[in-house]
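For reference, the structure is listed below as structure tokens.
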């Protein structure tokens, strides 16, 4: 097949998948969050259960004027949402939905993921600086400090997985989790990494991921009650929508990474290999939904931390723990 | 102004660090955590506040001036708009003051009705605090849960008075008549509607559950503790100096509750405790309010048992002329001491009405307490002070 | 600074259990306007006027703190009730307007009316697109009279 | 519960009156009155700050500070009082109370209107700052020693002192009183009597 055609097809499919996933996540957050707060949430848009609320919101945002503050650094201000969006979309390029259903089969998939996901920090910092708003500036700086602090535990948590799997390819990691560990009464048992020694790094990964996502309890960069909306304060219309979609795409993206690294990705026990490409996306979706739900659930239960508390948590607890974790994993890897 | 701020302990800590002061951050008047239209002009370095100047008055409605051209009955309608989350509690000290001037005393049943409604107003006000305080810290769910549960209280208040926020239920010498003074409806008293006590007791059971929910969602939450324990400590002598009252003062260890101290409404016939804490930090101010909800539930349960039958109105002349005199009348509002200094020169209207609103005094400590704090702590402290801008600006 | 950051955070998970419980329960929401909330009989929704009973005594307009009641009337002479009696005058109501844009729902006018002409009705759906339409005239106020409920039973 | 209004200052022996008499003597104040459970102690203007600082030893709680304008120059409201009572003075009042029992005193100081200046309490009572600023903008009283007497409620460019009796309440001036329209009496024989002409004297 023509390489350009293939690329275009992949892009379109990916865009549709990502946008749908984001919209669904937004809807679930609206609806589940409302019910957690003893409300009903969206009700009228689209008829039943207000399913079209995210679309209606999007249509509303599209109509709004694209404003920039008078003293804003316009080129940077305009570019920032694209950087964030790009980072969000980039994650999905390497996440395998099945053995062959993957945007790009990279041998260094994990490396690419970590690189592309930390790109959003740049976008956030750009947004915070260029808005010419003090709240935005503080928000942007908080985001930068936070992302730097949590990049390290995140990487260290992933390193543990890479050591155990022995590969940096995401498909390789999924395969490693489907390798038979032992046979029990004639049944070959394969377990995801979370059950085979990666529990600690899973938690560290999730905490760091939530911090990277700037979601409660680590949403200090946008902290509504402190910084109005942080780096998002000045954004309106389509640019705000891009940040917004980008955030939810990243939520899905990080959940997908966690599912792939720790929960066995598209694989499931007793799944015949021939079915993997067909059932894979559904299985991954299931795992991703569970993680996304937990992230939403946390958002609607907990308050936020303070920036310095978050920093001390990252540097004083998470990094040492993940270093010890790596050491332990490495020892086991060598020993067995 | 600066000399007092320099004494603040955190100022010393700040000055040894590398300083980049000079950025002025304008917080408010349209800011999510200022509960309305409070404005704080802060000089910050990083996120630490060096100097802060609260600017109030965006909601100044001039009630003291307006009161000079209004009759006492009209002022009653006005004053329950001062602190609108506890409208009924604002009326009580005013009406008690006017009753002292006129020399009438409301019948016993009316007094008990006032007491029950005041306590209901206290619960509803504290529930609003339970909404806003976690919201400042970033938790949005307590807000919705507490608003849901407050509805039970507001329904009770509406049931009796016809208004949810602005009851305007007190009249000099008793409570409001139901329907006019016409020949047909003259006798229609505004007694409690049938089944009110049963509904009240049911609502109080729900409040017990609410308190447990608060404890689960907020008190027990480690993140809330990390954010509030030791933050914004107000020592007792400072609180007294700034005229802070109510739960804010009691959190600093001063057991000063006008319900116990002053002889107003039949609180002396009821067994309840004054909730105090000793830390004086944001978390203690929160805990005192949780405790007060529980105490109010206790008070209402007892009051429902005790309340006697009887008339609701004392004999008061039809056109109320208040004799010459000056009286200060205060009561324990949910937020603290709420008082009115009424100067009457005879006639239908007061010569001067000084409104001692609670939040005004409670907020006057802001320039002292906020210096040296971080912006995230600023919202935690302001949330824990529980103010209403209508009460600050009058 | 990191006071309280220690495992295993029982409070955090108890809170999550509570929100989950709330989620699976039915939300106590009245879906207005599909479902109307029924206000209590004493609710101060709107003031209705019984124009027949009004004697143009102006008490309500005078006692109103917001000066939002506008009354006009004129006097007619009434034939003596018995022949040879005194000629009495009667006031006829020409205009009775309440400006709900100003009204603060204190209820003083209803309290002071000595002739049972004003009543509270719990109706609340009369918002308008133009503020001038909030000035309810005599007919409009009279229509509300139909919605005035019986006074509720009292707690003994 | 309440005294008769026509005999406000008669020597009574309630605990509050005893206390007021006692504290008046100890602080060297001018006089005191107790009516309606409200104890007022009058002090000389130049002893204002000292007296209050001394009283705070036993009544530490600073409740509020405000003022009264005793000049009846206006026709708004109840109308002009009788000309003999026309006075040109302010009264500054400050309420201190105990935090353990119900003892409380309102301190009064009289200021002539042409020299409306009094010492500031802010040096010892931090909470007095806002109250003094409010009294300053509402009455125009100067508090010597309070350097931050900028308007608290009003806009910076506001002219006038709203709580002065000479300051008209515009809202009541620009709109005619709807109750004035009627010039007709009530139906005869009603219990309302001839109450219809009152209001605006």
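Per-chain residue numbering starts at 1, and chain names A, B, C and D are given in the order in which the chains are listed.
Please note the rule applied: contacts are C-beta pairs under 8 Å (C-beta built on N, C-alpha and C of every residue); 3 or more make two chains touch, one makes a residue touch a chain.
Note that the structure is predicted; figures quoted are calculated from it, not measured.
Shared contact partners of chain B and chain D, listed by label: C. When you average the Cα atoms of each chain and compare centres, the chain farthest from chain D turns out to be A.
Looking at A-B and B-C, the interface holding more C-beta pairs in contact is that of B-C.
In terms of Cα centroid distance from the overall Cα mean, chain B ranks first. If each chain is reduced to the centroid of its CA atoms, chain A and chain B end up 44 Å from each other.
Averaged C-alpha coordinates give centres for chain B and chain C that are 26 Å from one another. With centres defined as mean CA coordinates, chain D is found 64 Å away from chain A.
Look at where the CA atoms of chain A average out and do the same for chain C: the two points lie 53 Å apart. Each of residues 141, 145, 148, 217, 221, 223, 226 in chain B touches at least two other chains.
In chain D, no residue touches two or more other chains. For chain C, the set of residues that touch two or more other chains comprises 2, 5, 12, 15, 18-19, 22, 28, 114. All chain pairs that touch, listed by label, are A-B, A-C, B-C, B-D, C-D.
Chain contact summary for the complex, chain C toward chain D: residues 55-59, 61-62, 64, 67-73, 75, 88-91, 114.
Put simply, chain C touches chain B in their complex at residues 2-5, 9-12, 14-15, 17-19, 22, 28, 39-44, 53, 63, 65, 104-108, 110-120, 151-156. Looking at the complex, you find that chain C touches chain A at residues 1-2, 5, 12, 15-16, 18-20, 22-25, 27-29, 31. Within the complex formed with chain A, the chain B residues making contact are 23, 25-26, 31-33, 47, 134-141, 143-145, 148, 217, 221, 223-224, 226-227, 374-379. By the touch rule above, chain A contacts chain C in their complex via residues 32, 34-40, 43, 297-298, 300-302, 308-309, 312-313, 316-317.
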